[in-house]
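The data blocks that follow each hold one structure.
The two complexes that follow have chain A in common; it is paired with chain B in the first and with chain C in the second.
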Partner chain A sequence: MIDQRHDTLDHTPRCGDGRAPDPLVPAGWLPMREYGEDEVDFVIVGTGAGGAPLAAKLAEQGFSVIAMDAGAFFRPLEDFASDEMHQRKLYWTDDRLVDGDNPLQLGANNSGKAVGGSTIHFAMVSLRFRPEHFASRSKLGYGVDWPIDWREMWRYYEEVERMLHISGPVRYPWGPKRPRYPLRVHPMNAGAQYLARGAKALGIDWTETPIATLSTPIGKAHPCVYRGFCVTGCSTNAKQSALVTWIPRAIRAGAEIRDLAMVGRIETDASGRATGVHYHRADAWHFQKARHVVAAGYAIETPRLLLNSANAAQPDGLANSSGLVGRNLMVQLNQAAWGEVDKEVRAYKGPPSLAISEHWNYTDAGKDYLGGWTYMSQGPLPAQWARTLARTRGLWGQALVDEMNRANHTVGLKMVGEVLPNEANRVTLADETDQYGLRIPRVTFSYSDNEKRMMRHAVAFMKQSLEATGARDTWDQMDDTCHLGGTARMGRNAATSVVDADGRSWDVPNLWVCDGSVFPTVGGVNPSLTIQALACRTADRIGALARRGEL
Partner chain B sequence: MSTGTALARGIARLNDVARAPRGAERAASRLLSAGASVVASSVLVDSAMEHYRGSFRDPAMVLPIALSAGSLLLNGRETLAPAGPSTLARMVHVTAGAVGSAGLAFHAWNVGKQAGGFRLVNLFYRAPLGAPATLLLTGLIGTMAERLADPAAPRFAAFLRAPRVVGTVAAMGLAGTVAEAGLLHFRGAYHDPAMWLPVSLPPLATLSLLRDVLTLAPRRMTYGLLGATAAMGVIGMAFHAYGVARNMGGWRNWRQNLLAGPPLPAPPSFSGLAVAGIAALRLLKDMRRG
Partner chain C sequence: MADRYPDYDVLAKWDSPSFNDKTREILHARMKLLPRSKHLGEARVATLARLVQRVTPQPEGRAPANTLALVIAKIDADAGDGFRPAGLPRVRAAWQCALDAINAEAREGHGAAFADISDAQADVLLKALSEGQLHGAAWGNLDARTFWSWRLIPDLVSAHWAHPSLWSAMGFGGPASPRGYLRQQAGYRDPWEAEWEHA
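Up next is the complex of A and B:
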């Protein structure tokens, strides 16, 4: 039955007729304002970690806002199944080409397609950047500086942490003082306990991970039930995805959400200003007029959209006078160490990463590479685990069955490591087209020696930690990456960046970018909290510019 | 407050009806039995649920269930139809106290050996220190009731009859329960304003009771605060029932949510201890008269 529903959901938009689904109530609806094809103040392309908070905060300031997403508008309580295969409906699996020395794996591990974006199936780890990572060039001698001071970000982090009811430790061991997390920590699953014991044995700090899932009921959302289906979408609404937090807030503030609306091109007039977007919805192309356009499709789709929107005056792509649109694509290293213990661990119970150490994100000495990394406990679901074993260890047949039988005794630690910006890593357009007739992205990526050294250090360290807790038969998983960033970087001038600190294009003054692609560097922690904090800042800045008549 | 006072007076008067050997002591004994019954039921339901959740991994996990059940039966009988002191009752109460103490030590050991030791996360979610402490209280209050039931009974632990001792035990019990509610409501980030109630009202009742114990002068205000605390324990159950409903599946999914949600049997411990406090006031009052 769910599958049938999914089929219709795939093709029939749910938003319209003055209402949008209420993601927190089965079969529920929220009244929604609609703007038709009239010119609106802002059209936002993408409703993930960047687009959703921006839509909410702009609508609250009285702007007319339409936020479009290529994906569906789900009600997790009734639309999500506890089935890894079925839930693939959350991933962006449209055609993309990958190349380079280390072609990236795309889809489940880094791209979502739904109202709420990748936050629907993200792992909820909600970390603040290390302050120095906003100025890694001047403070640490690598990468580039952000055009924003960390103290300003600290305030926006607090706003997002409150909005998402982040559950975290009372005292955070690293970095400058931060306010107490709104909710208390979750119980640690066995996997997290192995991280804690290992860290203790190696003499470094660890803590319970600050995480965007409720440890107590809030409003209509239930607290976490620790079943561990997080990365296939949370069916209890405990997970504080953009879908259950910012999106209802945006709708209540008067924003319109258009689900299943794929934007193919940003239109510009003779003066080079954006006039609106062409989008595909319900089997037809439409045009939405807007005074401002915001690209928030994440670090592959945003540059793809800008490149696909090239015009006679800007033949290399919109907002691309610097030539940097699509360049400096960064992922994060996601290598892991695994081992086996006697005790039954069942690490897939509960959110996957309940304990963390940022030791190597805050420690610079003793490294033969630049950049920081954190590591967390891991709890892969069975099908994903089988895939990992088959892919990275080449196990098949009886060998795979035997290893799967040991899955309940497997413990693992996984890194999130900083990849440095490199212009050769980039998103370009391929000649092939997708189901909408749009040119598909080609994603080129290679590791540098710096990254290879970081991985070696991290994996060896994590292995040491596992072994210190009695794990045997440890092995490395060297092939995984996560998170995207950097293909429309922000900066202090038009020659070296695509947008300014507010996310505003240097070339097209009414075009903005608000998602993970504006990151000049990615730091050693997961990005979603920073993306949301930046979106809140962008919204405030747009308000301030409007008041000064500078929009 | 005045409703609380009326309630407390009502509770105290119930006993006067059945005025037995030495009025006040007998009445206090019966009140203590009533309080111990309530605390014992709380322990019974709580330990049964939690140790069921823990799959009775250790055979000793049945002990608190057996002893709280025994304590409930004996104290319940003493409340409804006092039969006076008995060796069996004394043995059950003393054993309950001993098992409670052992349980406390065991739970503490268990928390201490977790990764992170006595960190908040383990105090929140691992073997709770409050639960065995409540069994210890059940035993103590039951013993006090039994000692007071017959003034002529053997001299075993006679000091437990002293009004000051009864008052202090009730106050300490309340303080411990406040600490437990404080810890667990902190774990719930005080997301509902009602969660502040058990960490504000009972502490006032406790302080007021302690003052009366020191001055040997029971005051109206203490009756009021203890009565209100007793009522709060009952209302707290309703709040916890609402808390259970807010978990995935609500009450339809009671088999999981009774374990996942706020513990239904916890708040009544406050009621039982408040009643024990009222018993102390009754003794103090009589002491002044005498």
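Up next is the complex of A and C:
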């Protein structure tokens, strides 16, 4: 009846009978190997930025792999509408409670539910961490160091940038030398032009954003047509989501994808090793045996799964001897400044963030806070913009309609800012259960004073940039956050982390985590490229351990 | 503020390359949806209709949006957004309680149903609601201000700006697949975009 929730895809798996959808061809299929419920080498829970590359690269090494996702397997060319409301089908809309001083907005904001995960609706901004942000404790005096050296990550970033055909500038203004991006930059839209003019006026560097949408045809995919609906899913397949890149590669290498499969619990034996997963698919619970289990459900579903898998021997949750599962939940600050200009901006055109400045990621002086941030141009769609105006400025009634009708002259800049790890920000289990009978997550988050100082600086700076380009009537959007991280952090020892640098649990040797929840710190850039780089590294490390007989 | 795009209609592009089949299919179903509820009952629907009228006014001189029908559909489906503040019930239960409470506030203050009080009275009541100043017994454990900012406002404005009339009024390009845009620079537009009419 209504297109809000009960799409038929919600109930009917498409993967099976030896085939999976070809996401690049209407009504197309790819032959797919199936393993039944026989024991496989790896079952991966989640097919987003972490699970999808891992599935591909493990299958290519000859491991038997099943990757499950709670969401549907879409063919964007025929399944995606140019419409915010209909595309809610991409988001994780199951119940979650939010609390703390600054309850988070989840769902469309940062949580996907589809084969391909949140990469189906991400804004495609593909940035490398500043090298020092992998060692912020020892280099910059805050947070905690990653157990991985930035130079190793640099190699994996290059691998992912090639795989996703990232379009980016010839010369990147910040950080150590990096190779040229695989594809040329996209032409800038109006929002990007205003960012560039503002940065020039303020005397800082800016650049075209390295972005995961094609600027030239590749294989069956056309280049980006600048339709602007990026965050509601790309219907032309220019966006290099996991769905159109890693997933077909995984299937071709012999991995099985199980769509609409909600994993509720990881089973363990008397010795404490994982034996497989209980999952719900096609209206029934099933059990999949596996020699290794990988949680790749991102920073809320991964700790939720580990906590929901508690047993007599591990009563506080699986892999939780440190007590850190669910703790150190981080988001990224997403505050903005907006203003009105004479020329028409029409921010609905093109990828929303085509220009960027990382100046305040790479500059430590002149700050009264710790951590870094970047800022980028913006392009909100109508319903999202209406919610922003209503929420931030308290507009409703005719005042809201009037302000909406000025949208084509509105220009904005938004930050992606580093939130520091804080054990009090966390994911726990609520008493309520969801449609599968599983306890739902409770997500608790409060800003610290450090974050409040960072957002004040960032918003004042972005406003200055807008005003330097002639924007009038500028205003702040002080209440917004974006990407998630933390909750199953990696580290150098079992007391202070959940997994090691390879993503392997300290407590359960055949349980792994491969997603943004392993981030010890989140840095000041969008996380998707780093999650994928880490997944590539984990795949290589698993191969190396297997060759040494240490798996 | 007057409509600056009076000659522009997103739906005029229905048969153009800006609309793909999926978009036509879902917009067709959406625009013909009627405001019928299995779960709210007449009095609550009347209260909701008045809320929609005051919070999300219809665009002048354009086909009216069926915002009420979309909000009812969301409530009937109990379709959440993937997060709600601890203490706020699920979508349907929260709306049922709040619609009763808003109506009770109107009866308490004006001796009439919310649907029947004047526009000015309704707006004063809504302003109080938005500022968290309503505490009548009918609210029970529901925090009125939380309901306003986490349920009422997002549900109403998301439904309202899901209608092509609202897109046309603001000069939004509307559906854009497979054809997107060529001219993205400030001050430029493609022939299939709205033209700003100077007052």
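Following the convention adopted for this analysis, the second predicted complex is superposed on the first by the 545 of 551 C-alpha atoms of A that agree within 3 Å, B and C clash if a C-alpha of one lies under 4 Å from a C-alpha of the other, contacts with A are read in each partner's own complex, and residues count from 1 in each chain.
The rule is short, and it goes like this: a residue touches a chain if its C-beta (ideal position, glycine included) is under 8 Å from a C-beta of that chain, and two chains touch if they have at least 3 such contacts.
This one's a predicted model, so the numbers in the text were calculated from it and none came from an experiment.
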| item | value |
| --- | --- |
| Which partner reaches more residues of chain A (counting touched residues only), chain B or chain C | C |
| Touching partner for A:E84 - first (chain B), second (chain C), both, neither | second |
| First (chain B), second (chain C), both or neither touched by A:A407 | second |
| First (chain B), second (chain C), both or neither touched by A:V170 | first |
| Which superposed partner A:R184 touches (first chain B, second chain C, both, neither) | first |
| Touching partner for A:P217 - first (chain B), second (chain C), both, neither | first |
| Which superposed partner A:T236 touches (first chain B, second chain C, both, neither) | both |
| Partner chain in contact with A:L551 - chain B first, chain C second, else both or neither | neither |
| Partner chain(s) touched by A:E208 [first = chain B, second = chain C, both, neither] | first |
| First (chain B), second (chain C), both or neither touched by A:K200 | first |
| Residues on chain A lying within both footprints (that of chain B and that of chain C) | 187-188, 193-194, 225, 236 |
| Of all residues in chain A, those that touch chain C in their complex | 1-6, 78-86, 88, 91-99, 103-108, 111, 187-190, 193-194, 224-229, 235-236, 341, 343-346, 348-350, 382-383, 385-387, 390-391, 394, 396-398, 400-402, 404-408, 430, 442-443 |
| Residue numbers on chain B that touch chain A, as the complex places them | 114-116, 120-121, 124-125, 186-189, 191, 243, 246-248, 256, 260 |
| Residues of chain A that touch chain B when the two form their complex | 169-170, 182-185, 187-188, 192-194, 196-197, 200, 208, 215-218, 222-223, 225, 236, 238 |
| Residues of chain C that touch chain A when the two form their complex | 1, 3-4, 18-23, 25-27, 29-30, 33, 54-57, 59, 70, 73-74, 77, 79-87, 90, 123, 126, 130, 149, 153-154, 157-162, 166-167, 169-182, 184-189, 193-194, 196 |
